[in-house]
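Before we start, here is the structure in question, set down as structure tokens.
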């Protein structure tokens, strides 16, 4: 104690022991975790061609992670589902299973958090919140949950006086009960993309889904929100077309197009299989091309938003290719005006004109990309 | 320590417990033993006792809760018999096949396997599905063209299913074929990946799709209808 | 009393440095108080200043913690450590100019760090949220100060060392080690996945246990004998207490990861070591309180000692409560609740700050030669006590409520769990107002003797006999 050198060595020795355990030791134990398949084969190895989890988030979602870190959301939100014996997280429906160390290996910022003034967010992407709902929550949480303590983030949005179809409607829960329309900035879109990407919906060899009994959560005092993205300024004929088109898109019985089966309800398609319709250059582009596909289908390799797809698309309709001119016009108008898309409507006359020009083409003779070389309108 | 050390340190006179005195007296305390007392000193014993209890409690807690310093939390190890393992493997294969079917086949053949009359043949109860496993594997590998009869009805007047354009690997073909052969009341054998690989090699020279009638002839023994 | 008694010489040599660090500390204390108020106000009314992005709750809370620990904590540690080491070494403070320059760099680094946080460049590591650009400046300035502190210690008259010196030296030396380990593992050579969290938590909690705590303990080990005029009772235990804290505290801090996505042994070992910490806590508690209660009247009369004993009592209570919270059965309820705020505030305010206040009130009159009126110090004491107790009670009861309600899966989150604890946030808002006021009183008390104006000088000349 009296010799400064010995004292210093002593106190660094004791600190060093803990360092060896929690920094060096822990690192050697799980510093090299890599994504793995949901199940291992009999030899304990990853099967060939198996999908590996976790999957890295990319693009908007990755930028959203930066926003999340910069805004300090970790101050009130955790991103970890605790083991069943250690907490109520799985019971509360905050995840299908406890979180494992492997779930976080691809994250640049690991923001586990240690305070829950807000709910856990590890699986917020699984809770079926639409993008609109998330935007409303970010702009003014109290418009959805009156007792929420989440800070409003109006600086992520532009307030709009003359709203268009894609703007988001907020019904403020303050005393004034005013209605506002806001447009998300790029930052807000990034943040929402990140939140939607937060999910631990895969199993791992070391942890599988937990069976829980259905706990019915009492109805939150949620102010009923109008999550429609359509604004009051759309003319009635357009609104009717969009509404009818949406019905056709979502219908799986005769009279419908069953489009959702492949392109999904959110227009996102399926990576590698079915191209997205949201933000798609094909959907927002040539109407004639869309009409032709709607009548005859599409096959072979195409490129959508720079990504290649190679599949077979039967012409929509049940049976395939059976949609009338009206129905085609409506469903095309719908896909051109939802999920952030905003493009001109398609009329039944335009469809009829294209149909006339294709007289003599055998039914079910699907188009290929090469045939559809109409320049983008 | 003199009596006037009892005085609280006052301004500006620091007589009392000066820093020098503090240091010296505490150093003394560390060195010298206490004066003899009548009874034993209680305090050290109390601390030894506390220390001992803590060691005991801590050891128990340590052995209890560290999960033997393993990386992953404890999983219930269920020893499966060979049959159980086999059935689990088959379940997983069929489950994978179901996902593939839903993604790539259901748009035409429908999730209920009934197809669309006149357009896409059904798979439920189809003699093509329950024939030799090579039939379904070949169709997925290369596609099919020409008129065929399925369950007494005609299909495929002109449209060609261009399966070669659809990226699908041998394992996926094996999985989805097994699924189709065992769904909707179908009850046929499993399709194996090596078999699919062999068929792929054998048909690697083929540029076009299989002609339906020819494929049927090749495996006519296995067709039930 | 000769004018050049050794103590006077030492005090004179320390005057510039002490005054500088204490003034900075006071400013940071007020800054942190303002940020704490804004944060608490936002929890009672989320729309308060909501349109200003740089003030959003997530940033303000983090800025407040960093301002408090590095700004107030850092500067007051520098002031108190240098002075106590100088007094116990009976050696002068050397290199005052370097110390002040280093202090300026430290303060500038933290200022830029906080501005960086509010501008959206948080790093996401616990207690290291300031952008990495300011870290080198912090480290360099800290090393300069520590070096000069060691210089003082090396020129000590008596070779043997006593408890205050062990604790203070250890704290000064541990900080750069912790900082460098964290810097390496989080930024230079970052670990993947939840390893980051383990290291982050280890650093953030060790900052409190191995930096703030030992300085306060060392100050208490000095002030109690100095004021009471008697040696520490059962002093022979102190060395065990010190080495147990050195050995156990860096292990115990990870118990907060219970149930999380890390191997089970990490929080388990943390809990075990936390339980083992009962021993050094008992040692320190015995040392302080057995000594103090021998002469409780004197403790009350002496304002500095009042603060110190309040601090040591808080240390004991908060540490034992901390042990209880580390048990998995309890952690299941209290984890992630505002009980963490209770624990944190009891340690950094109820314990650390109160002892620093006591040390400052003891040292300042000796250093500046000017006395602070007893009424002023007493007023500070009572407002502090009121604010702290109000804050802690609100967080404690609120936290338990938070935990119990959160543990019932059928209760919806915001309309049930959060709505029920909202009144407690309101109480904390008022507590922070009272605390801010008491801190303002402290700063005024301090500045009046550091920067006297003629009016104050004349009234201070009355020299009320007060300590």
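In order of appearance the chains are A, B and C, and numbering begins at 1 in each one.
Going forward, a residue touches a chain if its C-beta (ideal position, glycine included) is under 8 Å from a C-beta of that chain, and two chains touch if they have at least 3 such contacts.
Note that this is a predicted model, so its numbers are computed, not measured.
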item	value
Per-chain Cα centre nearest the global Cα centre, belonging to chain	A
Chain pair, A-C or B-C, that carries the greater number of C-beta contacts	A-C
Gap in Å, rounded to a whole number, between the CA centres of subunit B and subunit A	22
Intercentroid distance (Cα basis), subunit C paired with subunit A, Å	44
Averaged-CA centre spacing for the pair subunit C and subunit B, given as whole angstrom	46
Sites on subunit A at which at least two other chains make contact	29-30, 83, 98, 100-101
Set of subunit B residues in contact with two or more other chains	71-73
Shared interface positions of subunit C, touching two or more other chains	160, 239, 263, 269, 328
Residue numbers on subunit B that touch subunit C, as the complex places them	1, 5-20, 22-27, 29-30, 43, 47, 50-51, 54-55, 57-58, 61-62, 64-73
Interface residues, subunit C side, partner subunit B - complex	1, 5, 7-8, 87-88, 90, 157-158, 160, 162-163, 222, 225-232, 234-237, 239, 263-265, 268-269, 271-273, 275-276, 278-279, 282-283, 286, 298, 301-302, 328, 365-366, 369, 371, 463, 465, 467
Residue numbers on subunit A that touch subunit B, as the complex places them	29-30, 39, 42, 48-49, 83, 98, 100-101, 206-208, 258, 261-262, 270, 272-273, 299-301, 310-314, 318-320, 362, 364-366
Complex contacts: residues of subunit A adjacent to subunit C	1-2, 4, 7-8, 10-12, 14-15, 17-19, 21-23, 26-27, 29-31, 33, 69-76, 78, 80, 82-83, 85-88, 91-93, 98-105, 107, 109-119, 141-142, 145-155, 174, 215-221
Touching residues (chain side subunit B, partner subunit A) in the complex	71-73, 75, 85, 92, 103-104, 106-108, 116-120, 158-159, 161-162, 165-167, 169, 171-172
